[in-house]
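Sharing a structure, written as structure tokens. Questions coming.
Chain naming follows the written order as A, B, C and D, and within any one chain the residues start at number 1.
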Amino acid sequence: MNLELALRMTEAAIKQAAREGATISVAVVDQGAHLVSFQRMEGAELSGPVLAPGKAYTSVVLRRATADLASLTAPGGELFGLAGDRFICFGGGIPLWADYGEGERVIGGIGVSGGTIAQDVACAEAAASVWLTR
Amino acid sequence: MNLELALRMTEAAIKQAAREGATISVAVVDQGAHLVSFQRMEGAELSGPVLAPGKAYTSVVLRRATADLASLTAPGGELFGLAGDRFICFGGGIPLWADYGEGERVIGGIGVSGGTIAQDVACAEAAASVWLTR
Amino acid sequence: MNLELALRMTEAAIKQAAREGATISVAVVDQGAHLVSFQRMEGAELSGPVLAPGKAYTSVVLRRATADLASLTAPGGELFGLAGDRFICFGGGIPLWADYGEGERVIGGIGVSGGTIAQDVACAEAAASVWLTR
Amino acid sequence: MNLELALRMTEAAIKQAAREGATISVAVVDQGAHLVSFQRMEGAELSGPVLAPGKAYTSVVLRRATADLASLTAPGGELFGLAGDRFICFGGGIPLWADYGEGERVIGGIGVSGGTIAQDVACAEAAASVWLTR
């Protein structure tokens, strides 16, 4: 992960938010889950600086899209009880995988917050598609 | 609990992980729930340094295998609401009991994270069996 | 404060860092001290995601350049004892004041970390000058 | 950084502690400052699980031996006020640098706590020498 790529991913997420009519925060973290970039759109919720980096962190350290964690952390799910302001376990966080040639590793993550969960996921996927076609 | 025993338990957990095809983190804590040893296998999730010690801590301070907490922390359960990143209430944490002759006391705990819950539990049990046959 | 302005200030800080030969992280916060944007340059220290937002936060909530806090927080100073990883009390944080016409209010802050203190301050001032000439 | 190397470094630190007559905790973290291994010797202080990983974290994110931070964080120093339970700014933490051929990067860190500062530093250096001659 590097800043130039993070900014291009962020731009893609914000363009998608405009299409969705949502105002969002976007975080990109590196392979160690440390923040590389963050942007909060005018008018986006103040929870963004907590939730967007939290989703990005969670997607990297658990190597899973946070949308997939929702059912796992629901009552009866394998990870029920995983919660807090560190692990954010609902949609909007996506891990970014290295090419198989480099080994199967997560090399960063994206987190989006501010819209509905469906909107956050769509914006995160727009960012991730920049990664996939880099 | 002492370091030499903690390392033998950790070794047993990691051997079990190899059999399971899992990559895990293993934490061992003492009777005060303070960390004695921790090991993260190559390629194991970055959540391990949070979740494995968390499961070990939880098993000691609640004197229960964390796998048994799922029903207690479910809606309607006695401990409903216990959640977060400090109390980790899903399988992989096991308290270690002193021999009855010494009084019924928890003298340490083990926590495993990184595989499926079933794998984590199997690895933690492999470690606990070292304790039982010490 | 808004995202567009925050990004222009960030760009100015990073250009200054290039002139200084420094690699930095830059945070911009709003009047409530909540993060608006963050960028970490390739190769900048991992402490940046903690220290740059921390300096920006501190400059807003105390309405002072963090460089001016050193004497206040020294033994015998009015704020002696203020320390930790929330209030960052060394140079690199600058509060942004609204025009007097709007009333004397802090409407945001900038925080820079990663270079020497002198470099961090120079980069933060470059960002602040964008604000002053907006 | 990997577990096998971390354990060899830890062993070297503990051997040095035996020579020093100290009882210590030893932490090794990876390039993202996440824990790879931790060991607390029988009888070592309960602060070890906080301070040893804290020193290792600090040495990685600030890319400096924590012994060098003592004067910087003293009254009048550039980083005065940096404190807390996240940044541990006294001796015992050492960053591990990659070979220049790989680029000038910190790829992990070691943290030792439990003895005098001089003993902690000696033990951390014993561990670091394993890295240098790997």
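Quick notes on this structure:
To be clear about the criterion, contacts are C-beta pairs under 8 Å (C-beta built on N, C-alpha and C of every residue); 3 or more make two chains touch, one makes a residue touch a chain.
This one's a predicted model, so the numbers in the text were calculated from it and none came from an experiment.
Centre-to-centre spacing of chain A and chain C amounts to 26 Å, using the average Cα coordinate of each chain. Separating the CA-averaged centres of chain A and chain B is a span of 29 Å.
Annotation for chain B: residues touching 2 or more other chains are 46. Taken as a graph of touching chains, this assembly fits none of the simple shapes: it is neither a line, a ring, a star nor a complete graph.
Under the contact rule stated at the top, the pairs of chains that touch are A-B, A-C, A-D, B-D, C-D. Considering their complex, residues 45-47, 50, 69-70, 73-75, 82-91, 116-117 of chain B touch chain A. Partner chain D is touched in their complex by these residues of chain B: 2-4, 7, 32, 34-42, 46, 49. Across the complex, chain D is touched by residues 30-34 of chain A.
Interface residues of chain D facing chain C in the complex, by the touch rule stated above, are 32-33, 60-63, 75-76, 78-84, 86-87.
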